[in-house]
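As structure tokens, here come the structures.
Common to both upcoming complexes is subunit A, partnered first by subunit B, then by subunit C.
What follows is the complex of A and B.
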């Protein structure tokens, strides 16, 4: 694994950093940080402060806990990679698609999922046109889109939470929807984890092995240069937003199925969490740098961090503060090393 | 042709004042129980908070940056002001709360200007940190005061000196006027526009761009805190959702008011008129008997429409930049003359 990361770093040209701290961070990548956290956890367990950190069960817990975040972060990574910072409409896209799926369960399981997918992609398409073609400020537009979607949810469903068994009498459909994401392969690996891994592999191939990936990299690095070399940049950027909406939809269905309720607050906070995973995974906001392998590491590190903090007995809200602080520090180091390469993040 | 074009430009430039006139006349005529002192006072109470916050937010946007942390700064300052009032009294707790807001702004500004991190990501980070801080401080409960002296202060702030004009509104109006005059009439004020218009040019012209960006964020933090803490004092209570709606509200108002998303253009007074217009509109919606849900829905739609309109205007402008319709016509005319002339020769 380390070798693959080093190779990815070399391909990205990230190892050129002359700044020492940034250089080290770029060289070892996020997996070095992960290793540090594992050592920290091991040290804490050795000192007898926490228990059960170094156990197979705990590692499966960590991976289970970050599966949802990983799924959403994959799509977000494409938006960041295209140089458009982030898709802030992810939280309500997750909520709305989940609600739509539950609402339409009476038409059948597959139909409900397809309808949810259509809704999610519609949101993505709007983002794609407005940001890709009309070049609206991506943050402000997707934030506006987030409010619109929230408005739709509140307008149609008011404050109601909807449960699958309220919407259909078909026991089988309800059971299927409520339990599908709880399914465990070999009683160990949960379906969300498998979905995350499949999406990450596909995304990695898309980003590194296809023409679209190359076009996206050039668009993210230098949009004008990409346009003058004949790339349809509007389309390339638009597809990135569609991918983000797609993964948000899958994430929305996952969270709705796991919580067994469709509600407006499903997905709240996933904008920030996904951006965190993407950015501490080494993908920079300037666009065109980083890899899906890094993003996977970013999600894993967040999981490790949460796990250690929970084992230490730190409260949820204090965890928020620590996560926010670590996030800013990591972004700061990234920006510093980028500047030493002559590229500003701002 | 030209006069029509310039009329449209004039309308677009002054759209917020026209919208204000339309909304206020429409609501006064048609919305039930709209035009009375009680309702207008209620409108002014919310406007006083958001107008205050909007001053700083607009300055940050003029600098070409974005401050997503204002909503949590409002709540944080409101909660902090009330929590510290118990042991210290308002005379200390209010300045401390405002200073805390300014400190958050300083933190944002330093990271944006000196560490060169994108402002959206910095303020997203501080937003998360503050949310944690708010919940840690309050353990998730609403903070409310019920001591007599707190009520005295609350009554003083809310008591109209003239119809509608409460001391809190006077404070806000004073702040808006100072900010507007500062931005329009002083050299340092106008430099904010230069920094937002083109940071490199501004730097080459000898402006300390970093300092201006830091000051903009400090003002944004401090003014958000002022808005939050005075609102909390007037209510003698601070819920944990105090500033939740403000980001959308202030962002919409700033853009409707004509401040450019890319920076370098805009004004505080216009934003505040937009805040007033939006609040009248939202209150009107409620008075017409629609629920809060409809209000949230329409608020989102308005923001999206305005952003889309602005983006489309820029898109159209950029397509037309460099095109020379009169030159094309001339060439066509020359070609036509040539084809018409050639048979004769």
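What follows is the complex of A and C.
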């Protein structure tokens, strides 16, 4: 048996070596990167290049922005973890659910939210069936879904932005919808942050402590082997898309409430931003690797980066370019470390 | 190759090995999984730029630090896994990398004739315009050889070239090898299959633990001697039949069909019995197994387990009832190579270990530890990535995954394909223990000594039907093989 030892150790040693680069960015190391960004911000302020980075107000700005992204990224993480890259229908899911909630406010606050949830989950269910059961390419399908949903929004509401007070005369409902996500616990911690934290904790438990999480990990790592282990992989993947739709719905309601308007552009950009948070948080696009803790770190880094770039006065398009470049680099490192792991045996 | 070595962090995979192969010779390289054969040959193919020692080709020292350099020196490699692109034509595959061209355009006529010439060298008479996906596995294997021949190698390395071939196809391959030998090519032949080596090789070198044990002329070597060199100890009697008590009928299959694959299959398997199923490739053995565990739907028939006719659908249902299937395709269907030994071992028992929706891996830890010990998985570390284990140990983990669920009926599909003798013995032990415990084992195997040695009964399957049943007493390798080929024993 000794030869087996030698060989196994050999391959292992090699993979550890080549994975070191990826490992720095992966997992908990992402918080180190977040710390670097904070130091960078502090340094820039020290040098007098930017103002207000180290202020209480800016801290809340960052946290609030991170919260919204974090909420959406949680669901996205399940899709990535399942080995299906990303749910590109997130932006219009966010927009549509927000619009639906505002539109139906006249039926009552809770009723409107439930209706929005039903619409979001319906989109998720379609994705779940088509990608999970019929095995459509996840990117192409959800992208198509995104366009269809956008079409529906434009068809029904044209270009209109709808405001809660247009839809109901009940002042209390309007005030509730407009202000609920602005509520700050102890005047400090905003509701979105709490929602994000609760969802992160639940998602972390779901991923690491439940039968579903274990099956998702297997499915994401090796879908065929999972199927041959008696796991209903269609269902497992489907649930991941439902979770993505659920968090997109929560994110949609949050952004609509914060902006106090239901509009087609409400979720724009959250597909790519969420995937970036997920991937730089250490979840590989190949599936089955990474953790929710890492994803939260990823959301933090993106939030910090955006904040610093905005304070520096970098334009939106340039920001997109920088985020895209970072995404490419991280995915490149990921791919490299995965390739060197995927060694043959014998 | 003189005193060559390759060190990986933490270990030496190949340790000062001398190896030589002459023109016009077939030199077999054998050893258990992880002995260092593949690493040695990868050095020759230029996969490493940091090997130690010297490599000489035609008495000239060369530095084979990249695959393209190795190719330039005339080294051709044929790996176990085919490297052909499925949708494109045979000709384009054979000539990939050096397509004949006229200006910027591919010269189709020249391509066809060059491909036809190379295919003739391997005795292949096909339209070079056919896409790879339209030809059979063994034809693809020959195309692969033709492709390597197209680079004009003087040294040809074949790594387990026969693992996907049937008996007749292997014979054809050997004829081709003879032909190449006559042309003065030096051939290194890596195989687990000793009869093949005696059939085709001139000399044999045995490796163990990254070291060379010795080289022998095939004429002077005996099978036992080589096995002993490989394992480093004398092999005990390989298949010593142990007494088992066979109980009541556990699995009863009636008239089971899946159109196009198998038809009207009926059989019974009893508690404590090992039922062998034998058939040539394409006889429908694996397809039968997949229906038996609910991976594929049945078109007609009944499956009865312990008197209960199974009505549900899907593998999860069948698994919960106690039917399990160990796939023949370890790498893609069997194991999640990127996950740990523990994750893989527990992968089929998640529902039974879970409490409500919650699942705690630690609950399964004692089971994993015990199975690793029972099957002597090396290293016995539940946290190691499965992909980093040797083939034999991966196969043991695959078996452990199914043993963990204590199935009533375990269907094994080629449970020892491509594993070394040590692992094979351990797997056989475990299978016999399972049967002794009153479980039913259905054994599908192309390894005839294994099938005949382990089974209490053998069912012969041919073209989707059961054509014959043989008791243990009538079972010999020859009888089983003849029956599988549709011939009667004299």
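Quick note on the criterion: the second predicted complex is superposed on the first by the 314 of 346 C-alpha atoms of A that agree within 3 Å, B and C clash if a C-alpha of one lies under 4 Å from a C-alpha of the other, contacts with A are read in each partner's own complex, and residues count from 1 in each chain.
Definition applied: a residue touches a chain if its C-beta (ideal position, glycine included) is under 8 Å from a C-beta of that chain, and two chains touch if they have at least 3 such contacts.
Everything numeric in this text was worked out from a predicted model, so none of it was measured.
A.B. asks: Quick one: is A:318 in contact with subunit B, with subunit C, with both, or with neither? Answer first, second, both or neither.
C.D. replies: In the superposition, A:318 contacts subunit B only.
A.B. asks: Is A:289 contacted by the first partner subunit B, the second partner subunit C, both or neither?
C.D. replies: second
A.B. asks: Touch check for A:136: first (subunit B), second (subunit C), both, or neither?
C.D. replies: first
A.B. asks: Looking at the overlay, what does A:180 touch: subunit B (first), subunit C (second), both, or neither?
C.D. replies: neither
A.B. asks: In the superposed arrangement, does A:272 touch subunit B (first), subunit C (second), both or neither?
C.D. replies: first
A.B. asks: For A:125, select first, second, both or neither according to whether it touches subunit B, subunit C, the two together, or no partner.
C.D. replies: It touches nothing on subunit B or subunit C.
A.B. asks: Just which bits of subunit A does subunit B share with subunit C as contact spots?
C.D. replies: Residues 344-346 of subunit A touch both subunit B and subunit C.
A.B. asks: Hey, which residues of subunit A end up touching subunit C in the complex?
C.D. replies: Result: residues 1-17, 209-215, 217-218, 221-222, 224-232, 286, 288-289, 341-346 of subunit A touch subunit C.
A.B. asks: For subunit C, which residues are in contact with subunit A within the complex?
C.D. replies: For subunit C paired with subunit A, touching residues are 8-13, 31-36, 38-39, 80-81, 159-160, 208-210, 293, 295, 314-316, 318-319, 325, 327, 332-339, 343, 346-348, 350-351, 354, 357-361, 376, 378-379, 384-385, 387-394, 401, 418, 422.
A.B. asks: Could you list, by residue number, the parts of subunit A that touch subunit B in their complex?
C.D. replies: Spelled out, the residues of subunit A in touch with subunit B are 85-86, 130, 133-137, 139-141, 143-145, 147-152, 154-155, 158-159, 272, 275, 279, 285, 315, 317-325, 327-328, 331-332, 335-336, 339, 344-346.
A.B. asks: Spell out the residues on subunit B that touch subunit A in their complex, using ranges where they run on.
C.D. replies: Spelled out, the residues of subunit B in touch with subunit A are 66, 111-112, 115-122, 124-129, 131-133, 135-136, 248, 251, 255, 261-262, 291-294, 296-301, 303-304, 307-308, 310-312, 314-315, 318.
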